[in-house]
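Okay, so chain A shows up in both of these, paired with chain B first and chain C after.
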Partner chain A sequence: MTAATPAPERPADPAEGLRWEVFGRRTASDDWAEVGYLHAPDAEMALLLARDTFFRHEEGVDLAVSRGPDFFPLGQPELLEHATDKSYRLQRGYTGLGAKRRLAAARAAALGAVVQRRRPPDLRVLNEDHR
Partner chain B sequence: MIDDPRAVLALALGDDELVLGHRHSHWTGVAPHLEEDLAFSSIAQDEIGHAVVWYSLAAERTGKDIDAIGLGRPADGYRHAVICEQSNGDWGYTTARHLLYDLAEEVRLEVLAGSAWRQAADATGALRREERYHLIHARAWLSRLANGPAEARARLVAGLEEALPQAVGLFETLPGEEDLLADGTLPVPHVDQLRRWFDVVVTEFQPFGLDDLVDRTLAPASPAGRHGQHSDVFPELWDEMTAMYRADPQARW
Partner chain C sequence: MDTDTDTRTVESKTADFQIRVEAGEKIEASDWMPEGYRQGALKFIEMHANSEIMGALPEREWIARAPSLRRKLSLTAKVQDEVGHGHLLYRIAEDLGKPRAAMIEDLIAGKTKFHNVFHYPTETWGDVAVIGFLIDGAALVTQKALLDSSYGPYARVLKRICAEESLHQRHGEDLVLEMCAGTDEQRAMFQDAVNRWWVPVMHFFGPPSKPTLDPLLHWRFKTATNEELRQRFFSLYIPKLWDMGITVPDPALEYDAAAGEWAWTEPDWEPLRRIARGDGPMTETRLAWRRWIHEAHGWVRLVMAEPERAAAA
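Our next item is the complex of A and B:
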């Protein structure tokens, strides 16, 4: 048997998958920029998973995955468009929080409830200890 | 109880999406790997987003609030097919149901694109764009499990054997279907949509030698999900799915 056609590359640990670098273009006029990496068994799966790992929040108009010299663009930029309302994934989807909080406080007061701690405790100092 | 035939159609479609989307979301945090966790969670969100589209049409027909339609009905007021409420089981069953459901979506959205109910026909456009990605995702898993190690294929086959007889329930005749057929709201009866779906599924399975699993004599049990009759796993799911809404139906989130 000759080695004319190499066997498909297999990850050392099948559960882990191969490592793929992920690239994106912010707008149509931008160049490719690396956005991160992920693990997947092959290029097609890497492209599918890159879409949801890195491009769920309108981060770009095109994506590609790369391994060594091989570069695989998605080639279907429409797959990155949001066809239905996904404002819940975006910061701008959460507006009017002050008004909602005042409304909730007024309703709570009308029910006789008292909000003693209006905000969750600030955990940043606490987390310093765990760095 | 909502009984306007067009509203019933919108509820059947919306309830399928909401209940299956909710089940899909149970994989969040426990999917086979991190990237798939995100991908499948996104699909869950997509399906729930599709439910919103159908509920907005039901809201138009009935004058009811969209949240009350989506989350304010008693368990026996939901009209989804029973397959949507089944527990996730393993990844083999989940993948089997994901594929069979999204193939059914393709069939029924293609039919509804020609509906005389203009808003329903218009709604199919955006939904089909997302369903295209869902099918790419489902097919990617189909080929990898079907051609994968023996255990992967065995689990996929077991999942398909369980899901196929359940999936035909997606094509159960609706209450009021004769009215929907008469005025062109539903251009093709569900019994004929089922035949189209069998063709699509067989074509899909042939390359993997799985088409023998498809039994074309299967027919939907009726009355079942479309009439509000569900399996014994639904009350618990309903309780969880609607708990937040029921705690304070007037709340604005």
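Our next item is the complex of A and C:
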């Protein structure tokens, strides 16, 4: 290493790595918004970890990591796309629950197993709120 | 580090703090807060983070044994989400004054706690269904109530966590419905798991608490009592189980319209106390796993923090 080469930046706490702020854009027309931070040794690793930590469920179309004045966008939106079907990570991966409920209820009814005990009168409001 | 230049007495600052939380204001990490609030919030969030990390272990045992590729993938994704929640929560806890490394050390040394339900074995695929439906359901009920927490950073991170938990809950119900619409053997497997998990789920909510004795309720860090949360859980999940012809092992469980609440039988709380003392059925095994994972993955932390030293090693 020559004298002209700057020493590699050291994290304040060696056990943690450098801290990077993570930004994302929800849609192409949205501005960058901060989504969190993480620790990584360099921008490339920070981008990789940011994708796996904050963008697994279609949270945005682009992401970036930043340290001080330096801003590193992912730059390859296709890295946020999936080569295979990963709908099991999303709400839409579990559709048709209503039909499945009816099927299970029909099976229970055929067995005479439905439990007939007193229930609260109307659960629709509570159920709506819970989703 | 105390950079507070406010010279008023602690009593006066505490009174103002109380007014703020009662007005529904959010407390931020950099705000002055009573020491009891800081310690209580830290302990609570640290236990939540620990539980996400430890909760990954019983489900992880079933990834390789899941009955189809699709179920393997979805269970893996769920475990990954839970570990991610741990990551998000440790960051929030860290800002209250305890370094993340110390929290991990204390967890694997058995000095800090994680939720009772992760101290039990997962015996069959029915247990995976119970965890995905009833335990995630119980967790979702408690976490949704915390979206109104007076501690701003926690309330914000819970928005994201609840969105993912609600996905897990659908995943869990999908699993349960598949078993309950299936063969007699599948139905019996799920029923058996519900029977074994019922008491731990009741323990999860804790004994009916006295609101006046809980400082976290007083400071609006928590916004609902143990009993309010349990009652909400009953209303959401019991009718669904009954419709599928699944019973729960509490003969008293029924909605009392006159009282406007569910009647239920308090379980023996001793097993919960035993877990709190670090003596649950799987406490040692799970902590040993966690310790082994921590040590075996030490090289990853080294690569991330000090790549040059890792390359030289």
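Things worth noting here:
The criterion applied here is as follows: the second predicted complex is superposed on the first by the 88 of 131 C-alpha atoms of A that agree within 3 Å, B and C clash if a C-alpha of one lies under 4 Å from a C-alpha of the other, contacts with A are read in each partner's own complex, and residues count from 1 in each chain.
Going forward, a contact is a pair of C-beta atoms (placed from the backbone, for glycine too) under 8 Å apart; a residue touches a chain by one contact, two chains touch by 3 or more.
These numbers come from a predicted model, not from an experiment.
Applying the stated contact rule after C-alpha superposition, one finds that A:51 touches chain B and leaves chain C untouched.
Between chain B and chain C, the partner in contact with more residues of chain A is C. Legend: residue contacts after superposition of the two complexes on their common chain; A:41 is shown touching both chain B and chain C. Of the two partner chains, chain C is the only one that A:97 touches; chain B does not reach it.
Applying the stated contact rule after C-alpha superposition, one finds that A:83 touches chain B and leaves chain C untouched. In the superposed model, A:113 makes contact with chain C only, not with chain B.
With both structures placed on the common chain, the touch criterion links A:33 to neither chain B nor chain C. Residues 15, 17, 39-41, 45, 53, 56, 86, 88-89, 100, 103-104 of chain A are contacted both by chain B in one complex and by chain C in the other. Within the complex formed with chain B, the chain A residues making contact are 15, 17, 38-41, 44-45, 48-53, 56, 78-79, 81, 83-86, 88-89, 100, 103-104. Note for the complex: chain B touches chain A at residues 33-36, 38-39, 41-42, 45-46, 49-50, 52-53, 126-127, 129-130, 132-133, 136-137, 140, 144, 251-253. Residues 8, 11, 13-17, 36-37, 39-42, 45, 53, 56-57, 86, 88-91, 93-94, 97, 100-101, 103-109, 111, 113-121, 123, 126-127, 129-131 of chain A are the ones touching chain C in the complex. By the touch rule above, chain C contacts chain A in their complex via residues 70, 73-74, 77, 80-81, 84, 87-88, 91, 99-101, 140-141, 144, 163-164, 166-167, 170-171, 173-174, 176-178, 180-181, 187, 232, 235-236, 238-247, 253-257, 301, 303-308.
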